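As written, the chain order gives the labels A, B, C, D, E and F, with residue 1 at the start of each chain.
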Amino acid sequence: MLLHLQTWADVETYLKTSRAIIVPIGSTEQHGPNGLVGTDAICAEVIGRGIGEAAGALVGPTISVGMAQHHLAFPGSITMKPTTLIAYIRDYVASLSRAGFERFYFINGHGGNIATTTAAFSEIYADTSLSRDSNRPSVKCKLRNWWESAAVKQLSKELYGDSEGSHATPSEVSLTWYAYPDAARPMTMNPAVAPKGEFTDAADYRRNFPDGRIGSNPGLSTAEAGKRLFDAAVKDLAVDYKAFASS
Amino acid sequence: MLLHLQTWADVETYLKTSRAIIVPIGSTEQHGPNGLVGTDAICAEVIGRGIGEAAGALVGPTISVGMAQHHLAFPGSITMKPTTLIAYIRDYVASLSRAGFERFYFINGHGGNIATTTAAFSEIYADTSLSRDSNRPSVKCKLRNWWESAAVKQLSKELYGDSEGSHATPSEVSLTWYAYPDAARPMTMNPAVAPKGEFTDAADYRRNFPDGRIGSNPGLSTAEAGKRLFDAAVKDLAVDYKAFASS
Amino acid sequence: MLLHLQTWADVETYLKTSRAIIVPIGSTEQHGPNGLVGTDAICAEVIGRGIGEAAGALVGPTISVGMAQHHLAFPGSITMKPTTLIAYIRDYVASLSRAGFERFYFINGHGGNIATTTAAFSEIYADTSLSRDSNRPSVKCKLRNWWESAAVKQLSKELYGDSEGSHATPSEVSLTWYAYPDAARPMTMNPAVAPKGEFTDAADYRRNFPDGRIGSNPGLSTAEAGKRLFDAAVKDLAVDYKAFASS
Amino acid sequence: MLLHLQTWADVETYLKTSRAIIVPIGSTEQHGPNGLVGTDAICAEVIGRGIGEAAGALVGPTISVGMAQHHLAFPGSITMKPTTLIAYIRDYVASLSRAGFERFYFINGHGGNIATTTAAFSEIYADTSLSRDSNRPSVKCKLRNWWESAAVKQLSKELYGDSEGSHATPSEVSLTWYAYPDAARPMTMNPAVAPKGEFTDAADYRRNFPDGRIGSNPGLSTAEAGKRLFDAAVKDLAVDYKAFASS
Amino acid sequence: MLLHLQTWADVETYLKTSRAIIVPIGSTEQHGPNGLVGTDAICAEVIGRGIGEAAGALVGPTISVGMAQHHLAFPGSITMKPTTLIAYIRDYVASLSRAGFERFYFINGHGGNIATTTAAFSEIYADTSLSRDSNRPSVKCKLRNWWESAAVKQLSKELYGDSEGSHATPSEVSLTWYAYPDAARPMTMNPAVAPKGEFTDAADYRRNFPDGRIGSNPGLSTAEAGKRLFDAAVKDLAVDYKAFASS
Amino acid sequence: MLLHLQTWADVETYLKTSRAIIVPIGSTEQHGPNGLVGTDAICAEVIGRGIGEAAGALVGPTISVGMAQHHLAFPGSITMKPTTLIAYIRDYVASLSRAGFERFYFINGHGGNIATTTAAFSEIYADTSLSRDSNRPSVKCKLRNWWESAAVKQLSKELYGDSEGSHATPSEVSLTWYAYPDAARPMTMNPAVAPKGEFTDAADYRRNFPDGRIGSNPGLSTAEAGKRLFDAAVKDLAVDYKAFASS
């Protein structure tokens, strides 16, 4: 149930049975030689919608630009500064909590979002914690990285082992190919597995990871694997969502 | 050509022939009894992509939440505060201009975005105007409301005359039904044409416009009209985009 | 009735019969070869005070610096960044609403202020719309461009036709000469009518409009015309103000 | 020489012989039973202009709203939050320094502005101090309280002794009556001299100082005394300004 | 080598051989029935100084207030909002990098700081990543939680097993008693081990964890254990620091 | 009584008899050839704790980094921008006032903090003054510069006369040597007394005051003098604190 495809009266009705909503949050950034710039937003959106269908939950508009400063040396990447993203998430949650939503389940597609999104939740809670206004609604936010559901982790390991890596992984690329079969670009990587390591700013990142990948071989991606990963993630996370929604 | 479905190398190639990009900007807000909460984002996205195809232009991720504070008394509506949206647009443009983009063509789906988006452009220009840094890229931003293309205005008038109104219009609702046929909800409005008027905050809006519409009769919406409006808008705006891109 | 020339007890008395106030907002920026840097602030202030006298209304201190980033390549121009001006207007309105003012009638002298001032109103309303605090006062803000009153538009057209242009217009220059006769500088423009067009940042503006004018011939300015424009504006807008004050 | 009454070409010419400008900064706030709400802005403006005439210096637009949170319990008072005023002063100075101004001489009319204005100067300097950009202009800002010029202090003491007080003083009220003779309101105060003390927020202020005065007897104000104070201040400060302008 | 106990000339000399500095970051918040409000700041400071001595490294002033909004229902707790803490860390790093420091090694004493501090690093890097200023220094920041050094984790497990918990742990309390023997307060906890779980804002936290502990039994704390933990942490982290400093 | 060495239950108990707290605020900045970078933080902390002991008052964590932009050309100096420091103080006070503290007594060690800290207090009060929320606690903040207590001023004059100066003074250096005897560095200054004058940004400061001192001869510093200054300050200020705490 996509919020975008409801009327306001539908939402009013929904709120009578649930106070929870799913919020996909991704990123717009390079994903190596054959991964899409939209990979993280696509993964979060596709899985968020899958959970929504499985759990009868409303799905809010995807936050498709995240914190991706380290990718800016590759064209097509877009970042929000952390303080901008915090303000964005704060306004998003405040708007819906004003209408009665109380549980915000963020499905995250990008590791680089974790710190800033968590800080945004604290910014939201801090307003309540510092306030004496007893009318304040009780809001609860949760962040779930789709690739860390138990079933997904096991499947990724089984499928790709040490070739999974941590950026432009075959798992996430596979998932986008499942979602957008026409966008699939089978390709042989050179080297097969990209170097691993840390990074700071965009120049540093590009110096260390010249084709954008970290530790991964997305040459192994297939739409079929994407389908399996999707099914695994949705199955796991729909259960998790339901528990959260009724907490 | 959706940015989300490109690789970074594709974008690098694109930049050799064009420095322009289309940015759809909409809103997530109530659109009356049978209009979708996502109407403005859907309209901007659909037309932005249409122009992209017609003009061979890259289309960035849709800014799907805009300035919609006045709709917050209807559940499902989300707003960015103006200062948040300014920061968001500033970071979006800065990220892409860092990679070499110089022309940002915003296709807007929501009247309530105009002031804030225009202010955001000034915020971006002000940084350059106040600076002595001669390395700053020369950035140009333009905002186009899809419903104000000459052809669209004429067609809307022809189709709906005084029933067009200014919020939850049959034109925009038709366009979303063309984009999402399954979301179409034919319905008889009561009163046929909604009241007109002004508004300030969310409580004031809901008091004046109890079902969310302003001056419109979206009961007249049809997917067929949506198709005609789409064609008219894309034809007009693709020409406008090309002139801007090469300015 | 200028707020600056009242005591606080006078204001307390005023509030017993009216909750409205006029706020002139202008700009400090170049106005071509013979226009004053203070043109927009002067026009807003003079007309704001005229309305105040005609309608028995209180007039707050003029906001004499506005959003003028595009003029910064001409010395003497001052800009507020949009986000600064939003904060300024927010604090101005909040202070007076705290004392009981509920209707803020902004008389604007500068086209470049429109977007940012409108965004500022939304920022103010958004705080209310996002809040559950039922003690919040009900505030209403309105922006009126003096040059767009029906009578002024007609008179400008009659007086200057195609030589009116859009920046450093003979109408606004005339109005300042009426207000400050000693500041009048009759001058023949070369070319008579300045080029038209669009602009982005300050460097772009100066490149396109080398003497600062856009589409205008302020060589036609006279203090007499200024008097007629003043009378026309005040007559129109005093009516408009009264309707707003009692809304 | 008022900036507002110059053309941009005049300013360009001025910059060939001087890089300095006078900036009057005041406040809009209650000034006791017979003092004007605009007292501090009027005093700063009048004396700033006097110095401008005496020293052949340019005078920028008056900052007529300052930091006056403690006066908000009296109607007509307006405050900028300190962070807003800092942003305002930062943009004001940045705009003019972009054009070549390097010395900003603030004539202050309000004790409550001192801390925030000084902090604003530090905010401006901090940007330079933290930067490695060697193109940054060398800006110098100075704040002068008109009532603390040596000649004014002596004259105030001579005229009013212990009845001068610290808010709504007979000296400042006299100065406004000199500037606006029609606004003079001779009145006997009761008690003759107001209580002294400290304050925090607006409620606390009004509790302690019920008619708005602190330690003063503005019943002693006269336009004649205002003239003498004006002359004394301008004579002193014009010398000080010249030294600063050429520093 | 504490920065606070050096002269500026000492720092100048230090910079000839090292560009790295240790920054302890803690929190001021309740730590259960017998833990100190300053526990996290003390732990970070003590271990930061230990590493400084072991590695001959400079140690900056402790950031003793962190992100602790969830503890505010217990008196004595202080929080920075995430956006405030981001600004604080940004200015801290910018100041020292201006002088030539390039490696910032943050020793963290509080789990609640991790997200915000990581976001702060991204805010710092984003400025560089979005900039074209080639003079920008190359800054690298690293966050290390003292309790997650391999040796400390092993020792905590050995000492306390399932009684370690996650807030007001016997390990951190022991460490503070080693640092401040007079502050030790042996006490029997009831229940011995506190409940586990999640939390959102301050009210929610206090509801779930009435005496402030989460999953821990700080009744097992001893200064002797504190000494062992200190030695283990310093030994591990001094090696890690040296590798980072020379990276 | 250091807040850091209390449990939350201790603070709860303290609040039953007092609503006041001492907050030391210093700076981290160069202090001439033989003064410590931490001088201002050390002085504020040592005297704040002395007052705490003398008056049985709680002492919060030292704000050890202040507004020191003008010292940034000397390595080891750290500044908060004024707007950052305002946010920091605002959050610090808000956190403790949430728990019931109502009197905040800031002991200041750095002249450069005065304006910004005072502005921060106004920022805090402005929130209350602009609000209609009757639940807001009544907060009172006071700033005391330790070197301006009557007894300290007299003793400094007696000890150092014209060699006291205004930065890196023998009084403050003596006080740090009393606190940290091992850090004492007797040294002959050249010239004996440093030049006096004003400054703007960091480059300007270093140009005018090449070894960091202003008008002082810290070569006269002794730990013994530090002890006398400490005793004088604590005696004076403990009385002042008590009056404030019960106000």
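Just so it is clear, contacts are C-beta pairs under 8 Å (C-beta built on N, C-alpha and C of every residue); 3 or more make two chains touch, one makes a residue touch a chain.
Everything quoted here is computed from the prediction, not taken from an experiment.
Note on connectivity: the fewest chain-to-chain touch steps from chain D to chain E number 1.
Common neighbours of chain E and chain F, by the contact definition above: A, D.
Comparing the residue numbers each copy contributes, chain A and chain B share more than half of them at their mutual interface. Among the pairs B-C and C-F, the greater number of C-beta contacts is found at B-C. Matching the C-alpha atoms of chain D with those of chain F calls for a turn of 180 degrees, to the nearest 5. Per-chain CA centroids place chain A at a distance of 53 Å from chain D.
Separation between the centroids of chain A and chain C, computed from CA atoms only, is 46 Å. Residues of chain D in contact with two or more other chains: 72, 79, 81, 83, 91, 95, 98, 129-130, 133.
Taken as a contact graph, the chains fit none of the simple arrangements: neither line, ring, star nor complete graph.
Chain pairs that touch one another: A-B, A-C, A-E, A-F, B-C, B-D, B-E, C-D, C-F, D-E, D-F, E-F.
On chain D, the positions that touch chain C within their shared complex are 2-12, 15, 28, 30-38, 41-42, 60-62, 64-65, 72, 74-81, 83-84, 87-88, 90-92, 95-96, 98-100, 180, 183, 185, 212. Within the complex formed with chain B, the residues of chain E that make contact are 129-130, 132-133. Of all residues in chain A, only 91, 94-95, 98, 133, 135-137 touch chain C in the complex they form. Those residues of chain A that touch chain E in the shared complex are 67, 69-70, 72-73, 79, 81-83, 86, 112, 114-116, 118-123, 125-126, 128-130, 138-141, 200-204.
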